[in-house]
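Order as written gives the chain letters A, B and C; numbering starts at 1 within each chain.
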């Protein structure tokens, strides 16, 4: 009889004992897989938080002119770890259907103009982000939320409300119309000197989206762009990647990552503690499995001695024990994989808002994790069985047999 | 001479002063049934273990067919030269009757079981469901299946009632006489010792 | 005389040392595992809290614009239409010009300013850990130093000044909180300071100014005659991005912004004792209580029509879902820990009990009662458990200490790395440097010992009971014949 025949018979005929070992291995595999999935989620959560820290690189034209080219934006968006960019451009414009706030006694063009500030997002950069302006009513301009933000005094002067249409005209004769979506206020309006030309007055700063801006001026470029990254840790390397693009131009590059710096240490700690828990689970699993296998093998001392007395080689016995444990282990991994992909995936999905980030479309454990579990587990089973069976095989079979007889 | 003990001495490593065997010299011949006789602690089971290659003597040597059993692997010796029968049968509980006999190795189990008087209905059963006598027969069948020339039995009848015990002894005798094997039985039963070809008292083996 | 189950149990534990040691090891491992798991969860919760606090949250108080117009109208009415006069900080004056009679209406700071008494009331609300007041951006004339100018810029429309922002506590100024303004040298303004300022690095470079120097300011409307106020430079700041100018012109450019103590701007512009407080910022001590603190602040009896209370917890709210997830993660991990620990222990005990079939059969055949035999198993398990508790509770502090060391050392390493990277721009604000190493409390508390101990004892009883009943249901003959 070959070792695998004996192993197979042992597993099938000693059902309750095999079931116990199987359950133990199964529970531990499942726990480890679940723990890994949880840890993955933790990492995804922290990544998502990194992204929300608003860590950015700001490129700014030194003269405030709209000289940053659209091609550059496209190039930057291609870079890895760039999550989004916020383009800023500004230009004076003539009013179409409204009157700017004019205080200065002057007949220059600038004194009958307003300044249009185009943003992809008014919340994250510029005067709103710096709390110089605040929205009294309505919503900011954001990706997917276009519109126009006007100063409350300008709105008051013209009797504008949210929802009203505003028309602007450019020097080249083109016009553009948009809807007011927000009204803002600074508090500094009255502090302005009477000598300030209209286009520069706070009341006449009008925030628009890029679509409207481009209707008036085409894609001429941007005065600054904020490049947001989802990987703040490598901010400096991203900066190094961007620098060659703007070499030789009058563009300042600066970075901003305070919130990341503040959160980085404690958040990493959270991940580290979660990993530690997982390591703890694995260490305990290894120890307990080894001890269980030891207890197990000890109960089979006599059986082994009988086999030895029948002239079955120790190698064959070792292989038999290995085959038994190993096949149970394989079964348990398959079971754990099935359970964790069937239920755990669903559970994690419903529990965590960021779980999708962790495993994308794929629910359940990934192939690499299964493979790691399998390989690591095999090594552990190998070592544990080895450790537990060696003393039995090395023991004098005569002693074992006589001990049992007695 | 098939199996021979030469100047064999044995003591436990932990109790060096207490000799179990001292300068034992004896040769066993095929076709005969021997009984090792003596009180508990006289070293009869030890001698049997040494002959079986389950242990090695502290001094001296065991020869099989004129060659040292340690010349090759002890496993080889256990597998091809000898077969063992125990007082407590030592059947493997997760194997059926037939499979237990198969463990012995070379011969087909069914004819041997037939000869041992184990009827076919038991063959596929779990060994634990058999009576003591039946279990011992299966154990002997397993020993025979290896086709070894020497059969060593340690108190094979110790757990059996008298009638069954005599059955088993007859069986062993037949094996010795009809199949020409050397059968060595450890026992403390006078009756058994009287019925074998050669009865060896342990105290005569030189201690 | 029959031995009682305790005596048998003791002998079994002592005389079968290897078996006992194996079981003991399993129990110690699981015990330590549970304790460490609980300690880790505690540490995790604490650290999450630290993270939350690091993000910070607060409330901003601004003047309500509609109320201002309303009050202006009311004051004008009090003065009376067509009358010259002043009321409540509003001034009305008739001007005879070439275009005819015009009325000039202006307000002094007291009309626009936030009321200091109201601010102080709000600052007293429990849960507000600190507060700041910022003055409006005040344009003044620089005396004895040159401001930064764009040489290509036409300065005819500019007032030729610099701007001052007064702060009660500069650390809580919005520019500092956002991380844009950091110190390069010296220190920030605190509430105890008087006549001090923090200037930009560009200004310091251009005018060769250093910490300790004094610079002067006066009213830009009348730079020749108005009184000069001096302030000592106590710090030099740098920005990551230029602060966006409030208005066009070099007066408002980022480099010309000077942070001062709270009462300095009014002196410099020549309106001493008439401050203009534009914003007040209230820091919420524990961001978890943000909503409660906000409710408490809103409930303070002040004239709320004058004010807008603005949430300044944007980062908190965008990350709240992540924090929820992190919390669930630590809960799930402890659940997994407990489930794994208990199931493993259970299976081991079942296995351990099953292996004693034979012995149980013998005892039953000797006429011992089933309860008695089961009692022995319990007693053995408890003896082992007691030993396991003793050992693992002694080892636990060491284990948790090792975990804490690991966590802190990895972090310190990281902090060291950061420090090297940031070596060129030295002084980070105090808020930040505190966060580089987060102390973790991985201590094991009495409650944990209790939970762990009780859990193990209950589990031991349940698992032996389960496994034992299976055996005890059978009759001794079957048990004995089952084993060779």
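Here is the rule we go by: a residue touches a chain if its C-beta (ideal position, glycine included) is under 8 Å from a C-beta of that chain, and two chains touch if they have at least 3 such contacts.
Bear in mind the structure is a predicted one, so any value in this text is a computation, not a measurement.
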Centroid-based (C-alpha) most distant chain relative to chain B: C
A-C or A-B, whichever has more C-beta pairs in contact: A-C
Distance from chain C to chain B - Cα centre to Cα centre, in angstrom: 80
For chain A paired with chain C, centre-to-centre distance based on mean C-alpha positions, whole Å: 21
Whole-Å separation of chain centres (CA-atom averages), chain A against chain B: 72
Sites on chain C at which at least two other chains make contact: 484
Residue list for chain A, restricted to those that touch at least two other chains: 302
Of all residues in chain B, the ones touching two or more other chains: 88, 90, 93
In the complex, chain A residues that touch chain C: 16-17, 20, 23-24, 27-28, 31, 34-35, 38, 41-42, 45-46, 48-49, 52-54, 58, 60, 123, 126-127, 129-132, 134, 136, 152, 185-188, 190-193, 195-197, 199-202, 236, 254-259, 261-263, 265-270, 272-274, 276-278, 280-281, 283-285, 287-288, 291-292, 294-296, 298-299, 302, 351-355
Residue numbers on chain B that touch chain A, as the complex places them: 45-46, 49, 52, 54-55, 73, 75-80, 83-84, 86-88, 90, 92-95, 99, 102-105, 126, 142, 146, 154
For the chain A and chain B complex, residues of the former touching the latter: 1, 6, 9-10, 13-14, 302-303, 306-314, 396-398, 401-402, 404-405
Complex contacts: residues of chain C adjacent to chain A: 18-19, 22-23, 25-26, 29-30, 32-33, 36-37, 40-41, 43-44, 47-48, 50-51, 54-56, 60, 62-63, 65, 107, 112, 136-139, 157, 159, 174-175, 178-180, 240-244, 246-249, 278-279, 310, 314-315, 318-319, 321-322, 324-326, 328-330, 332-334, 336-337, 339-341, 343-344, 347-348, 350-352, 354-355, 403, 406-407, 410-411, 414-415, 418, 421, 428, 431-432, 435-438, 440, 484
